[in-house]
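The data blocks that follow each hold one structure.
In what comes next, chain A is part of two complexes: it sits with chain B in the first one and with chain C in the second one.
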Partner chain A sequence: MSGEIITGKKTVMTPFNVIAGMVVLMGLIITAIRFTKGLGAATNLSDYNPWGIWIGFDLLVGVALAAGGYVTSAAVYIFGMKKYHFAVRPAVLTGFLGYLFVVVALHYDLGRPWRLAYPFIVGWGTTSLLFEVGLCVALYLTVLFLEFSPAPLEWLGFKKTRYLAVRLTMVLTIFGVVLSTLHQSSLGALFLIAPSKLHPLWYSPYLPVFFFVSSIIAGLSMVMFEGMLSHRAFHDKMDEEHLSESDSLTLGFGKAASLVLAGYFTIKIIGVAAGNHWNLLTTPYGIWFLVEMIGFIALPCFLYAVGVRDKNLMLIRFTAAWTVLGIVINRLNISVIAFNWHLPASDRYFPHWMEIGISVFIVMLIILFYRFIVTRMPILYEHPDYKGEEQ
Partner chain B sequence: MGISRRKFLGWIGAAGISASIGKPAGASSISQFSGFPDSKGVLHDITRCVGCRSCEDSCNKINELPEPDTLFSDQTVLAKNRRTTTKAFTVVNQYISKNASEKPVFRKIQCNHCLEPACASACFVRAFTKTPNGPVTYDPDVCVGCRYCMIACPFDIPAYEYDEPLTPRVVKCTMCAPRIEAGEIPGCVSVCPTEALTFGKRKNLLSIARERIRNNPDRYIDHVYGEYEMGGTSWLYLSGVPFHEIGMREDLGIKSGPELTSGALSIVPMIVGLWPVLLTGIYGMTKRKEKNAFIEQEGAVAAAVERANHESIKKIAAAIEKERLGKKKAMEAAEKEKEKGIK
Partner chain C sequence: MNETFYTLHHFLLHTESVTYLIMLLSLLGLFGFWFFLTARDDDQ
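Up next, the complex of A and B:
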């Protein structure tokens, strides 16, 4: 993304727009293939590998990276970090778009997407972790929609409705944290049922805890990472508070992320110790596990700490991006890379280009929606009519 | 983990998530469940199997499956490591022992009809049912196609119709449930020429298996595969070679699928119950801290104001004094001038 994308007045043929157009076109074509020819035509899924990157990336990574919404609103409204108030709206917006498109992406992966509501209508499969995930995601998407609603209501000038929505803030925040705790952790718990398929270094009875704790890390890092990107692209949309306080947010969130990463590292070690899997660390999978542990958990923990100590904002922002990458790797490890590790190479899964195409298409849609909204609604600045109002 | 499903549902209900769940489904129960008492099963005596593929043939016809990839008379495919697919609910594989003098071993693969099926507990629309007769059946009319059942099945059994754009189904062996219902025996069992397959009550099959082991200790490994694996299965196996050598996993453990996830599920009501209380508490504390800070701040401001007042009064007094003195001096000077002038 670059500064020119928001000018728009001069020309729509900016490099970004051209790429975006091509990605959307490709997405539409693959969409047509997927829904007319079936999953088999667009994916490399097989009977051994029923889940690919549409679950591993679009669902698991998508939900983890959309954690910024609950993390930020909890920090501001529950833990009273009022000075980060300016960051709530962008974080809630990304959370909302993130979840919305997780649900959109699910329609590609489900064999019969039009039955998406069946679990709640025809068969309450309460013994399934997926049921819990589905219920919480559905409820949380509603919560995020309500949390986000003041922005469009201000934009449209519906003062009374907006007032009602704003009054719900506290309740929605608490709901949001409860629902996020539940579904972030149960995404990890999905894999509890398959101890014989997931590599022992990644399989652990603590998987739900790992997923929850790492979602906090993902949320914090995503808010910083995204802040960096939107500073580049939407600088002119930001108000005084946003511009002046975002450095302090980076320092605060960087510190928090470093602490949570340290805790995460510790419990991951406890996980290995509990299963007594030390001997596996020297195998190829073990080395890959160590890459994740040292390169994407210990290292960012250290870099965040150094960045905060030296007030090195560049370093913290780089670390945020690195941590986000680490989360992507972790979720793919569990769902795809270390899953079915025992099978011979010929039975393993590698994504079809169309699967990657849809994932890129979904990410592009999120960016385009984000751009559409922040260039119109009061997200990065306070609406003049409601300035300084206590929320 | 000793939480019964009913209790769990009770909590959920109490926590206000739902009020409309509650039909007890034996198949996906997470309480201790050792199988329906008279449920049927099949004993597969691997030592008797000759790899004729008659069972594959009969299964194909009974279930009206598409034409097989190779004719059932073709024995060469046995050597390939095949699995169940949308076209084959069952396959027979051949395993050559490392010891060249030993004869090859054949093993039939199909759904094991677990006593507490992982696939059923994983399904979020309850498309699978463990019937009291034994078979684990599937209902395509409710299936959403999430394929979590396939992730969950430890035996890699369910296959999916990926090429079907509108009506893809999960497919697997049904244990010929309709035939059992009608008092017949499963198709594959009925055609087996060597009685490598025996159909009956699971209880009885277990005794038969134990008896065979007792009578021929040299012929069999002393283990009935499926008695306890993954909480027990309706399909049982006897073998002359270690099970892992013929592609059967020996590391599955005896915990059933539902047991593996019951812990995580039982935490749900805890989170729903405790989190809001804790969070509101924290919120209350932050509020109080803020208020205290505010009061302190107020106090500080008042003190500062007072101090400032004090100082300014002094200043004003000093200024007035100064002015007074100045005026006095000026008056004196003026008087002096006057006097001078008079003089």
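Up next, the complex of A and C:
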């Protein structure tokens, strides 16, 4: 636990470290290829498919799964659920790292990193949704950095600066919720410009609403999923509150996720009804749509509810992992699988192995940064100097 | 389901009607689901 210094020789050559080292080495080599030889050498992107998995997975999935930060902060500071306070720091850290590496991954797609700030300092494209997404992500990343800053400031012993950062908590939470509402929905709105390219079962005028509501589900599920993994990997870093209250968090967030999933299922059905696309449900794409609707929305909704009723924590945690997978599938369906669905197979997009390699590299970097921070800073426990302090 | 629509008015009348029916059924269903979800809350 905190405050204790664990001595003794530890080997660096653990199976995880070896695999992580190989992934990082592979990622660095592909990075060099991408930035010296261009997109053509490292991707299967084309004029038909200008957005691949670096957008579909790294960005759309990354932003959705990083929603745990604003969901948990809102639950604790705006809705007054103080009993979940212990979960704020891990959730904000996951959100901060998620958004940070969304921006890193975006560089691979855009290239020329030194021009990243151009939309804000050269040309304000105020009529563009991409500009709004970019501005929101830039601002929200700053907000997450400030929300996360008390942890490193406590670690470094900067008490006065930490005091100032903590005083900003409420206003930062409000900013976080507003900015997340804007850009989570705007990521869905990006596809409104392509009604002829996205399959009608996934295309809907309500796409922004679908993206925002599903981001709440992603955030709740990710907090439970990440909590489960943290319990296994960093059990010794957790204080009593973390260890004793995590079951209550699982039950509370499981109930919330079940309810939001029920609402999400309803509005997805309304999306089909509004377009009168019932006849498409019997096509191959329709079957896949039903797999998503029943297998990854209705089923987890029911499993969460059963888990909450029976207080079956294992079932709720399994369902959280299943729901996270469902969010990944939903974002990939919209950006890759059901996108350009009418093109012949020869023109369809399948990611190059280097694209997959960079996505794995980015996920590994998030895990490594998370581990580095959690093993050093007061994330899973309260710093002894500030114990019991109201935030 | 495979009805042919000759005017936008006809299409919207059909889809909006179906949507309102679904909304009504969903609201009733969500009430039931809420009771199912919270039925054992008092035991806690």
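For the reader, a short list of remarks on this structure follows.
In this section, the second predicted complex is superposed on the first by the 379 of 391 C-alpha atoms of A that agree within 3 Å, B and C clash if a C-alpha of one lies under 4 Å from a C-alpha of the other, contacts with A are read in each partner's own complex, and residues count from 1 in each chain.
FYI, a contact is a pair of C-beta atoms (placed from the backbone, for glycine too) under 8 Å apart; a residue touches a chain by one contact, two chains touch by 3 or more.
A quick note: this is a predicted structure, and the numbers were derived from the prediction, not measured.
Judged by the touch definition given at the top, the superposed model places A:Phe35 against chain B, while chain C stays out of reach.
In the superposition on chain A, contact of A:Asn279 is made with chain C only, not with chain B.
The wider contact with chain A, measured as residues touched, comes from B rather than the other of chain B and chain C. By the touch criterion defined above, A:Ala262 lies against chain C but remains apart from chain B after alignment on the C-alpha atoms of chain A. Legend: residue contacts after superposition of the two complexes on their common chain; A:Leu144 is shown touching neither chain B nor chain C.
In the superposed pair of complexes, A:Leu45 makes contact with chain B only, with no contact to chain C.
Once chain A of one complex is fitted onto chain A of the other, the partner contacts of A:Val308 are limited to chain C, with no touch recorded for chain B. Residues 255, 258-259, 262-263, 266, 269-270, 273-276, 278-279, 305, 308-309 of chain A are the ones that touch chain C when the two sit in their complex.
On chain A, the positions that touch chain B within their shared complex are 35-41, 43, 45-48, 50-51, 74, 77-80, 109-113, 115-116, 118-119, 122-132, 134-135, 170, 174, 177-178, 181-182, 185-186, 189-197, 205, 208. Looking at the complex, you find that chain C touches chain A at residues 1-2, 11, 14-15, 18-19, 22-23, 26, 29-30, 33-34, 36-40.
The part of chain B that touches chain A in the complex is made up of residues 5, 8-9, 12, 17-18, 20-21, 25, 28-30, 83-86, 118, 120-127, 142-148, 150-152, 154, 156, 158-168, 249, 251-253, 257-258, 260-261, 263-265, 267-268, 271-272, 275-276, 279-280, 282-283, 286-287, 289-290.
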